[in-house]
Every structure is written in structure tokens, then in C-alpha cells.
């Protein structure tokens, strides 16, 4: 593994999550080349000492590690394949660190592409909202070749408080990430159901809040409980349309492996209603507004 | 409030939970009279210094506090009303502490009966499995007249680590208890869904266990996660038929207040299947066996 | 079996359905005694030649057949038991024809009460809305002792186009009636889902109407399809609160026999929302308004 | 429109449905060129006077109408695009008749491809099982340019008892077809739920069959009711894996247009279980076996 300042990093995708992660990589002292579809977002990075690239491929030239932080299966595949994709420029032994929440099936496809090319794919989906990304305190589940994971580790550590290896099959990290998201979305919906039931039953929200705090002590779940209690959905950590995409991914993955996840169907239908009612750009916890509507609460 | 040894307690219902609670009341030094439908269960209490009663009414004679730990709405009403019910014998200002998980509607009926009679009803449903009851570490949600709650407090404290007042309307404590149970049952089912999805996706159960531990840190939920992971359903804390009863109660209460709780319908259907498959007497976490069956797992 | 004009009939419950059925019994020439909780509704029957009764018991004096058309389990039991109930006055061999949609469990209770008393219980739930009752064109499922069914047959025929014997166990007729209602409510909800999906997909409602007509050719289902298409919910055949009661009955019956009916849970939750939104008194097909709301349709 | 014998037809895809449709086109006297991925299936057509083609493109050379009967979005797009796709060889004004159940989104893509090329796309999904295809009695929903529909009509009529125009936007015909399939799958599942509930409630299956017949009079639904009643799932009209694909399509389409179809999620989960239990190749009505399992029926 090269000394930190010698490990050259390419970074593809400077959205809210990606930009925060890339800033931490830069802060940690890695030589960094960034690419973003709309070039405007690269300027602050150039100002801070990073190099810019006109294509994903250009960001991969000479890189030891290339990190992608994109939208979905399609956008990741588009950044890898074809004349402008990173694969063409990736040297043998270079590592592609995929942080996007994509389907396990797509992760398997990416792993096969890299294997053929002689580079390595490390699935490294992250858990945490943008504020945690900014603080360098995400959790990364990493899966792939052990040597590749070791080479990617310092880079992932730049934006993660924990880098947890979960096996040698990349897709498994994505399955685990989907499981985590499924738990979050199901519990967030459940919290909303309980708050609406409580309000209509005359339960003091303070008492319900206390119960929730005891039962769902994890800070991430607590933050959602607070947003729901206060109906505070404009401070968008992760938007509702993003959740809908993720819920589709878990449903598709459950179809792949033939393992029903019945709460997901219920949540999906409520998300559709939320989007149909114009809440798509609100924080994902805003699904509670549909739960309220369903209970006849104003 | 009488000095502890002067507060005479009647106790109705010596099932697994009730017997453990009554033992703690006795240990705390309260003069105790016990009643149970099948008299055999009273013998150990008589041996330990309690008095026995042939009817609920007899257990209420001269009592300051009467605790009921029964099965359902019907059994509680039967122990209160009629010639053999406690109401007839309860003196003015005596407190009936109802610890059973009953419907909020039934709690309102009980409160009205006591108001008419001149006695007090304190709804005091408990959270915790039999081992916690044995250890005197249950959580009690209490609701009713403040003075009555104060008089009942020392008795509840004998078997509870926390006695939490949640208002002056008894039914609200029962609504809150149903909300707690709903969260438990929904999360337990969710855990099982995630374990089955994980197993079919090749996720190491250790990794899933770690994720669950982080997200559902509460000891009670952790215990369920462990039972599910190990498929250990014969050490019955609370049986599946009992859960089915509780899920019906939350569904009925949600009908009462017009607030849908859609995961409850999903859980109910799986519980029916579990009972139809002969799992009714297993621990309630055994609903996971149906989740496995649904995923084609042996 | 007495000649028609010699078969004396008591009739309990002159609601929309009951009044129409009783009118047909009177028209068919049976000597009729009517009882209704609010006496005002009996006047038109007295004017038409019927006798009036001050209690259910009084309507049963000397009757060969007593028909009940009431609200639910509780109201039927109340009309049967106690000092004012029909049982006390029913002579040996008299037949109680229960037309209300009650639980199979309650039907079994009624059958046992009559067996003990020496009278007969024929479960005879009816299918059809008030206009069919008025036209004497209901469908009756009858179950009970064969001789009792034979004695009740002419009376049931007065308001039914078909009287279908379905066995000797009364509760089975009620189970079958619940199955019919379950099909209706599930299909009505399904129709609404398809209309909303169609509207948002640009399908011409005419084409959808045609498809529905082909697939659900039965006049009763067609009438619902038309109400949904035209959003015509003020001409109330059967109201939404009544449907909610029925859906609870099918859910309870499915719990009794351990056979999940998962669409019923979905429909139940939408009915709760409909009632919470103030649609309880509309025609039951108005659940479509919730389906539209869920799709973001105005 | 060319005289029938002058309208040259290409046919892509000789599966169970496609072969039956192509046979009817041949019988009706159209000059026919067939293509199938595995060439073995073309031999009977060559013997009967059709020409064979080595690629979809070759089957399109000189054709007035090309009919595709394939598996899914991917297979249809693969037969249209690229060097071996029909588009390259289709002459201006030639019509592509797409009979596969594909997503409305894919239909829109196909329409755009043809518009650019100068040919026409007519969405023409068919309703009916293989035996109806064989008998030339399918129902075709056709949507697209009116002139193109007119040119395709004689070909569609060769295998259809009804060719129903449903507008000028091709995708709408596919949305309507998905709506029809959704109704079928939901009603088939509902029938199974009612049969299982009936069996456990002691209802005579004859009586239930009669009720079903009255309520779901359509021959197609009747056939499903009979298969369910007799548990006859080996005579495969349409297999369970095919239904799973279709249910995914309706779910995806409902996501597209933001209109929840909640029964579909329930059906999807049961289909996953059915496939996980090894029933994927059985007739789609075999989902009833899962309903039975859920009710504890052998």
C-alpha cells in the first residue's frame, strides 16, 4: 500500500454526499482528481488544490483508487463502461470503490467487469446522512478482494468512522446496505404510525417520545423520531424520492433472492402517495404526513 | 397513604406474570390475600404467609389495593362485576390496579364502574417478560386519579423498576402499552424478514447481528434478535397466541380511533399462519419460522 | 307446514333492509306482528294491517316464524335473550330466521340457545341491497335443521328470488355470507385501484369500463363499477361504516379459523382512512375517494 | 391496405403463444416469414409453407407487418435495435405489431424508435391463454397511429376474436393490458383466499363454487376458479414465473404514474414464496398452494 500522499485518488460524483466525502479525502492529504457531470461543482475542489477531469476516464488516469458516489445502477455503469468510463484507463491493481446504494446484481456486474479488465471492485456502500459525511463519520461496509480492500482502506477511512469488511463477494455489501435502509424506512414508517395512533388516542407525545427513545436508542433513529414528532421535514437529509428508489432496490433484491419483505410493499405504497401529493423533495421522514392524512389528522 | 405493612393488598390471577408480581409484593412486606381460578396455584403463597380467597370478592374484603393480572377484557370484567366480583366488596377509596393488557375501551368501562361505586381504577399495564417480573424489574405505565396513583405506587414499585405516570385517563395507559407492544411485534417481524433476506443474499449472520445490535440497542429487542438468529423458540417468554391476542387489541384500538397501523395487518396474517402451522405455544418470536417458510428456507 | 295465511310471522327490526323485507312478507299474505326499537317506524305497517308489539318477546307470542333484521351480534343477542327477548315466548318448533350479517360464532351461540329452548334457529343471511329487498329479489343462504328450513321457506321466499340451503350447521351460512361480502369489498377496492391507475396512465375510462363489464359481468358488481366510474356515492345502498363492520367480521372469522385473508387488512385500513376523512355515511364504494387521494387525484 | 395475400408478414418469436398466433396468420393466407431464437421451432412453419429467417432483420425484409411475440422489454428491444434488429430493414410505412406484455415505458421507447425511422409501432398486447391463441380467439388491445392500426388489423384479426382500438398512444394499450392482468391475478388470489377460508369454515366447496360462478361469470375467471377448486396446476396455461414478471410490471407502472395498487404487493410476496417453494413452473393459479400453506391446510 502506497504511503498516503502517494496513493492517488480519483473521485466521480460531487453531489451532497460525494462532495462531503471528497472534501475529507482532500483534507486527509491524498492527491485528488475530481469529476462531476456539471462542472460547476468542481470549482471549490480546484480552489482547494484538487485536479479536475473532463470525463470519468480522465479522473482514473494514474489513479490507485477511484471512488464513485453517484445516483443509481445506470449512472455507475455509465461512469465505468464505454470510451469515457474509468475502466479503459484503470491500471492493473487499481481499485474502484463503489459507495452508491446500487443493486447487488449491479455490484456483481461491476465486479465481473473489473475482473476481466485486471482491476478490482470493492463494494463500499456508506451509511449516514450528509452531516455525518461532512464530519468524516460515515460507516462503510466493504466487500471484495482482501488485498483490494486493504489498498482502499485509508481512503475509505478519510470519510468513515468505521470501515467494516463483510466478505469477499462485493454484492453482499450492497445487500447488507439495503437491509440497513430497509430497517430504517420500516422503523421510520412505524414511528409515524405510532405517533398518529398516539395522537388520536390521547397519549402525551412526551410519553411516546420517551418510549421511542428507550426502544430505538440509536442516534440515527432518534433523529428521525424527532423529525416526526416535530413534523420537521424541510431540513432534508435524504429526500423522499431517494427513499422510493431505495425501497424499489430492496424489493427488487428480495425478488432476486425469493425472500418476501412485506413491510416494504406497504412503505412503497405510502411513498407513492407522498410523491403524488407533492412531497418528493421533502426529507424522507415526511412519509409521516401521509400517515397523518390516513388517520384524518390535519 | 398507609405505612407499607398497613396497606392491605388483594391479588387476582397467579399466572406466570401474576405469580411473579405477587411474590414481589409479598417479599416487600405487604399483607397479601391471593385468588386464582384454579386453587392449586395459591398453595405456595399460603405457605409463604399470604391469605387465600375463594372468590375475587373475598380477596377484596378490607383491601386498600387490589391488583388484577388476568388474561383479557372478559376475564378482568368477570373479576370485577357480579356477586363474586371485587367491586361489591371494595371500600370507598380502595384502588383497583389493572395490570393486564386490555383494550382502552375496557379500561374506560372499568373506570366508570369504579367511579360509580366510589372506588378508584388505576390502569397499570406492565412491560417486561416473566423473568423481569420475577426480578421486580417491570416497567409500569400508570394512569388515573393522582391520589389513587399515589396510594397504588408502593405496591406497583414492589414489582417494577419504573412506575411512569402517563395521565389521568386510565385508557391512555393501555393505549400506550398497545403502542409499545405494536412496536415490539413489528420490529420482531422486521428482524426476521431481514435475517431471511440476509441468509438468502449470502450475508454473514454475524454481520447482520452486529447491525441489529447497533440499530436496536435496547436489551428487550436484543433478546428477540438473539432468539431469531439462533431460532430458539422453546424458552417461552410470551407465547405466540398471546401475541395474536395483543395484535388484535392494537387493530381494534386503531379501528376505535380511526388510525391505520398497516404493519399490524401483515403481522396478524403471519401469526394466523404460525398458529395454523402449530406454533401457537412457542415464543412469539417464532413468527420467524413463517418468514423462513415464506422464503423457502428450511 | 301451516298454510301460508296460517303461518304467523313476527318481525324484529324495521331498518332499510328489514322494512322492505317485512313489506314483502305482508304483501304475500302472512299474518304479521312487527317490532322496532323506535316505534315510529311501525306505524306504516299497522296502517297496512300488521299488528304491533312493544317488545321482541311480544312479537314472538304465538308466532310460527320470527325474522330478525338487526345491526350486529349484540343487537341480535339482545333481541333473543332476557325477559324481553323472543326466546322466552317462542313455542316448541317455532323457527327464528336470522337474516343479519353476524359472526359465525354468534350464529353458533344462537343455535345452542334455541336447541336448549326447544325452538329452531335458521341462519338466513341475505345478499342484496335495499332496492333488491324492496323488489323481493334478495338471495338467502339458509342453514339449520332441514325441517325448520322447510317451515321457514315460504317466509324467506316472500323477499327472496332464491333461497339456497347450505347445510345443517347455521354458522356455515354466515361464513358463506362473509365470504360473499369479502369478495364484493375486495373487488370494489380493486376496481377503484384500477380506475385510479387507468386515469393516471391515460386510459380512456370508457375502455376501462368495457373491460370491467366483461370481467365482472354480475349486475351487483356492475352497479359498483358504475358508481366508482361516476364517483356517485350519495345514493347510499350500503354505507361505508357498515362495510367496516363487515370487514371486521370477516377478519375476526378468519382469526377464528386460522385462515389469513390479506386483502381484507388492506381494505380495512382504507376504510379507517375513509371514516377518518368523514366519508362514513357515504355509499361503501366511496372508498374509491381514498384510492384517488392516495394517487394524488383531485 | 394490400389485399390479404399481398400483405407480407414477418413473425418474431415462436413460443407457445407466438406459435399459435403465427399458425393462424398462416392459415388466413398471409405470406409469412418466421424467426425464432432456437431455429428448431421454425421447422413446422417451413413445412407448412412459411419462409424462415436467420435474424429478426431478415424476417423484416419486404414485410408490410412484423409481429413480435417475445418475453419482456429486453427481448423486444433486442429484436428491434442493432444490426440484427428489424428496424434497420423495415421500409417506410411498415408496421411493427408488438403483442408482448411489456412496460408502458418500453412501448413509448419503441414508438419513438419507429417514428424516427419512418415506420409505425402499434402496441397490440393480447388477452387469452394458449388455447384461445390456437383457436384464433384472443382479444387484442391496439393503440397507435390510426392508419397503421388499419394496416395491421387483418393480421391481428387472424388470431383475435376482437381487435379493440384504445387510442393513439401505444403505451396506453400496454397500461390497459397490465390493468387486465392485475385484475386477473388479484381475483385469482382472492378466489384462493375464499376457498381456503371456506374449507376451514366448513363451507361445502360446491356452494362456494356456485357463488364464485355467479360473481365471476367470465369464462376466463371461471377456468381459474375451477383450477383452484380442483388444485389442478399441472396443465400450465401461463406459468407462475410469468405472473411474477407481470406483477412486477404493474408495480413498476404504478410507480411510474404514482398510483398505488396495494393488492399487487400482497400477491407479489405470495408469488415469491411460491417460487421459493419450487412452484415457479406450475400454472399461475398455483399461488393457491401458498394460500393453503398459510392456512395450515395440507
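Here the chain labels run A, B, C and D in written order, and each chain numbers its own residues starting at 1.
Note that a contact is a pair of C-beta atoms (placed from the backbone, for glycine too) under 8 Å apart; a residue touches a chain by one contact, two chains touch by 3 or more.
Everything quoted here is computed from the prediction, not taken from an experiment.
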For chain B and chain D, chains touching each: A, C
Pair of chains joined by more contacts [C-beta pairs], B-C or A-B: A-B
Chain of greatest Cα-centre distance to chain D: B
For chain A paired with chain C, centre-to-centre distance based on mean C-alpha positions, whole Å: 54
Centroid spacing, where centroids are CA-atom means, of chain B and chain C in whole angstrom: 38
Distance between chain centroids, defined by C-alpha means - chain A, chain B (Å): 40
Touching two or more other chains - residue numbers and ranges from chain A: 254, 258-260, 262, 266, 269, 272-273, 275-276, 294-296
Residues of chain D that touch chain C when the two form their complex: 104, 141, 164, 166-167, 169, 171-172, 175-176, 179-180, 182-184, 186-187, 189-190, 193-194, 196-204, 207-208, 210-211, 214-218, 220-221, 253-254, 257-263, 266, 291, 294-296
Partner chain B, residues of chain C touching it in the complex: 244, 248, 251, 254-255, 258-260, 262, 265-266, 268-270, 272-273, 275-276
For the chain D and chain B complex, residues of the former touching the latter: 269, 272-273, 275-278, 293-297
